[in-house]
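Since the structure comes first, as structure tokens, the remarks are kept for the end.
So that you can tell them apart, the chains are marked A, B, C and D in the order they are listed, and the count of residues begins at 1 in each.
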Amino acid sequence: MTTLIRANLPVLVVIAPLFVAFILPPLARRIRLVEALALLGAVLGLGGAGYLASIVLTQQENPFIYQLGGWPAPWGIELVAGSLGVFFLLVVGVSVPVLLFAQGNLAAEVGGAERVTRFYVLYLLLVGAMAGMAVTNDMFNVYVLVEVATLSCCGLVSARRYPRAAEAAFTYLILATLGSALVLGGIGLIYLITGHLNMGFAAQELSRVWLARPHVVLMAVSLIVVGFGVKAALFPLHVWLPDAHSTAPSPASAILSGLAVKGYLICLVKFLYGVFGPTLLQEFAVHRILTLLGGVGIITGSILALTQEELKRRLAYSTVAQVGYLILGFGLLNVTGLAGALFYLASHAVIKATLFLAAGAMLAATGKRNVRDLAGVGRKMPITMAAFTIGSLGLIGLPLFSGFIGKWYLLLGSWEAGLILPAVAILAGSVLCAAYLLPVIRAAYFAPAPEEDWPDPGRPQKLALLLLAAAVVILGVRPGPFLELAQKAAAELLAFY
Amino acid sequence: MLALVFALSSGIIGGLLVAALPAARTRLRNMVVLFFTGSGMICSWLVARQVWAGERLRFAGQLGGLTFCLDPDPLGIVFGLIAATLWFFTVVYSLGYMAGKAHQRTYYAFLLVAFSATLGVAFSGNLVALYLFYELLTLTTYPLVIQERSPEAMQAGTKYLLYNLAGAAVLLLAIVLTAAWGGRLDFVGGPILAAGLKTGLNWLLFLFTVGFGVKAALLPLHRWLPAAMVAPTPVSALLHAVAVVYAGVYGLLRVVYSVFGTTLLGELGFAALIPWVAAGTVLVGIIVATQQDILKRRLAYQTISHLSYILLGAFTLHPWGLAGAVLQMIGYAVLKTAFFFCAGIIAEQTGVTRVSQMGGVGRSLPKTMVAFAVVTLGMIGMLPLGTFWGKFYLMKGSVAGGKWPLALVLIGSGIINAVCFIPVVVRAFRDENKRLSITERGVRVTLMLVPTMLLVVVGLGMGLFPGMVWPAVQAVVDWFF
Amino acid sequence: MSGLLTKVLINYPYLVAVLLFTIGTFTVLTHPNLFKKLLGINIMESAIFLMFVASGNIRGGVAPIRGTTNAEAVYINPLPSALMLTGIVVSVSVTAFALALIMRLYKAYGTTDLRRIAARRKEVISDDHLDQG
Amino acid sequence: MPYTALDYWNMVLMLILVVTALAMYFIKDLLHAVIVFGAYSLMMALIWLQMNSPDLAITEAAAGIGMTVLMMAVIFRTSRKGE
């Protein structure tokens, strides 16, 4: 039994949430059971990821290659759990505390039992798709998973019966489909010139033929960067994000900002480094464009966040800025910078989930959306606000919190790349981040509180917030295996450079 | 070793305890606060004794590929002792000053945590630890600055926070560059960048100067300091003479002697420029101070001026200059704290905050005004007080370092200081007092007056017996030269 | 010149695919009506499918279906068309989902025109828990 | 140019494809636009057949019919003029 599980681990990690998602709908009447099963599905996924990570980290098998149906590549489809895949599988584990949080207040936010069940189904589909993106090594699979993720994201955004949410979901759906069409076009072009859909084989073939067809390759790179850029809210293509992430129910906002965006970025990394390769990126100066867009994104996103009155919108714009950090790191083209970006990705996943969940808890308790109206909330909801504070300090990048380590390596990476402007953008970003997050904390703790009674949320929500806040601190103080995985992944991606 | 760990953690433990206590248990809270600052101070002295005896107290940990280490050296010890000792005095003073005021629990909790952060800055053994405590200091002193919760205080707090966080961001860039160029970040084992001259080192020094200069209130970056005057007086004393600005100055001393080293700095063009910037700050700060009517603002601009004395001494790159800088650090901290304490007593007892209203204050508060007068002499740099020796060695150092005009600047600054504060004293004793019922009696005033008097006595003692502090200064100079 | 023209014309399916993609994208991005946006999405996706399938097609080849061919026949590459099958299914589900959203928006705003929706947004969402449940 | 009869057929079909796609943008009446979409889908199915992908042709036809019917249903329940 154990050997069977171990041998099929990569596929099980993906299948577990999907399987649970499919058995949920008939059980809609028994909502407790649905909640328990949903949590089980996510926990199983995380457990498998942990096991896989231990296998890969101890070098028993790295990468862990799994052939679907036993067909070897290039004919069959293979799943590869290398350092990068395992790293992202662990990041997907953020879904567990978020799910825990959802168990308490979801009914209040989205309505009856049937709608709650639908929410869990979509949620688990999203988690399964994210896990799939982490391990897949087939380009068409990426497209399918991206579509699954997009549809479930749209479903999650429109989970509240609230016209604004439907509008946001429609915009998101249209733009995300545009993005996946571009990605599919890019994949088509790569297939056209290489004849492979397997990433490894396509990369080998591409390194041989790209000189003969540089324009096709350039076209493919642009389609893929723009396509994933739309989905991951890369700076000028972010227009859908603030509406979608601020109108969704709070657990959905957390998972969308924390995880969904990251899945597309991991796919982007896989394409950029796993298919095109650093040499090609340099040839077409793609890395410089990425760094530039990232830097501009950091500054603009932060300034836009600064101008938002509504807390959830402020956090949503902050996601645009933070995606800028990641894109900037992907473009630095050295191991330090890439590892920093990957670690920052994990750190931001945890932090943004914390922030959105805390904001959601405050919204549920107070009914107030604007930062100004949340005066005194820190005294009334101490645990929620403590989690929010830890998350904010992490996002600002103070030492002892996870954001600092990511920023440190990004700064070192930009020095190694010989660029000073990205470093300036990174630092300006953290100061602006302090400028848009600290007023929230100030209002919460140091402004006079109103008479109303705002209780802390229920026990599962508190537990979820504490777990996430603890993760922010642990990643900052003892990043150990996580940082190691990120560095390994970066080294593997840049191995042939 | 144990002493080091306890000195650092006492503030944090005490702060958490205070935060956990119910707000109404005033007496118990006061005991806790006194106990933990007192024990923190005693442990710092123990640490100092061990370090002076030549022991090395290294405490290192990993922070994701970065080493985080505490490793006090003589310079850190000097700063740590100043902070620990004056913190205790400030806490005693606070017990009187804050009695009956709002938000006391928040005040004492953050006062204690900030104590740990300051000692952390002093005892840190590498730039990572320094940066960590530096940021922690900014964040923990912020609630102290906005203690009043008035719109004005909130505005000042925001300014304080943004200036300091922006400065820290620049500092982080400088630290990353140092790590990339120097390969290590530890202070012990000679200057980090001594290996050779590179292009870009001027820029690095510039980044460091901006990064630490914000806290040290170097001239174009000083705006937060006068604004932060809305804080309660004991906090102002800490901000100005002990914790925040001194952390900036201490950081710059570190940059000069532990990051670059005097030989390397001697070859950098930017390093030659800084003493002149400092000299400009000395003069402009004190001249602006003479035009302020609000007493605390006058003191604030004077701080800006006097901090640059220390920088000026550090950048003479001469042993005597360094000795002067360290002496000035000690003497000035003691007297300036006492200065603020006096201003606080005056404001609390009579309600007078402006120089123009000071007439007759000396009649109703004679002890306070006598202390004020003595401190004024110290600020000018007159002999029976500790600051004289600091100024003396600064002048000696600047002449020996080949920058004799700096000595003239120092003398000029002393004269302007006299112009700035002697009329205040004279007016306080000469003019009529309208409210003669005000006295210096009662527990509350005694709690404020005793630390003030003690500090003045310490200042006098240091002036009359400079041998008292000389071993500490000697240790610093020997350590770096 | 004629060489280039020949090259372009011989690959006419790709040319058409690019043309359709442009029309589709243009519709999606500029047309204010939600239905038209949806139609644009479909055009755009089918353009990509056309490109994919054209890449697998061989002039004069035959589909690899059992029993219809002899041994010498040139088979086309069946992989792209098999993949596009998935693509079509995906696009159908996107369409269905979008239609559901359009229905919901129509219920809330009484229009499917984005400009009108923007104009009516203020009056409709004075209360954000308007039609909960 | 080595065009065969098949190519000419394809070209005609694709021309219709482009024309219908453009028409969809310009037609004001949504119901008409959706009917044109049905025609577009049919042309697409024929092209798949020409390109030796009968499986795709069947799917496209089915999907096209399904989507057209769905859209019509939604249009009848909302507004035909697109307001």
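Odds and ends about this structure:
Everything below uses one rule, namely that contacts are C-beta pairs under 8 Å (C-beta built on N, C-alpha and C of every residue); 3 or more make two chains touch, one makes a residue touch a chain.
As the structure is a prediction and not an experimental result, all values here were calculated from the model.
Chains making contact with chain A as well as with chain B: none in this assembly.
Nearest to the overall CA centre, using the mean of each chain's CA atoms, is chain A. More inter-chain C-beta contacts link the pair C-D than the other of A-C and C-D. One simple way to say how far apart two chains are is to compare their mean CA positions; for chain B and chain C this gives 68 Å. If you average the CA atoms of chain A and of chain D, the two centres end up 37 Å from each other.
Our note on geometry: chain A versus chain C, Cα centroid distance of 27 Å, whole angstroms. As a whole-number value, the distance joining the C-alpha centres of chain C and chain D reads 11 Å.
Judged by the touch criterion defined above, the protein chains link up one after another in an open path, with no loop closing it.
Applying the touch criterion to all chain pairs gives A-B, A-C, C-D.
Across the complex, chain D is touched by residues 6, 9-10, 12-13, 16, 19-20, 23-24, 26-27, 31, 33, 35-36, 38-40, 42-43, 46, 49-50, 53-54, 56-63, 65, 76, 78, 81-82, 84-85, 88-89, 91-92, 95-96, 99, 102-103, 106, 111-113, 116 of chain C.
Of all residues in chain C, only 21, 25, 28-29, 34, 37-38, 41, 44-45, 48, 51-52, 55, 79-80, 83, 86-87, 90, 93-94, 97-98, 101-102, 104-105, 108-109, 117, 121, 124-125, 128-133 touch chain A in the complex they form. Of all residues in chain B, only 63-66, 68, 128, 131-132, 135-136, 139, 143, 146, 149, 154, 157-158, 161-162, 165-166, 169-170, 172-173, 176-177, 179-180 touch chain A in the complex they form. Within the complex, the chain A residues that touch chain C are 111-112, 140, 143-144, 147, 151, 154-155, 158, 160-164, 166-167, 169-170, 173-174, 177-178, 181, 184-185, 188, 191-192, 197.
Within the complex formed with chain C, the chain D residues making contact are 1-2, 4, 7, 10-11, 14, 17-18, 21-22, 24-25, 30, 33-34, 37, 40, 44, 47-48, 51-56, 59-60, 63, 66-67, 70-71, 74-75, 77-79, 82-83.
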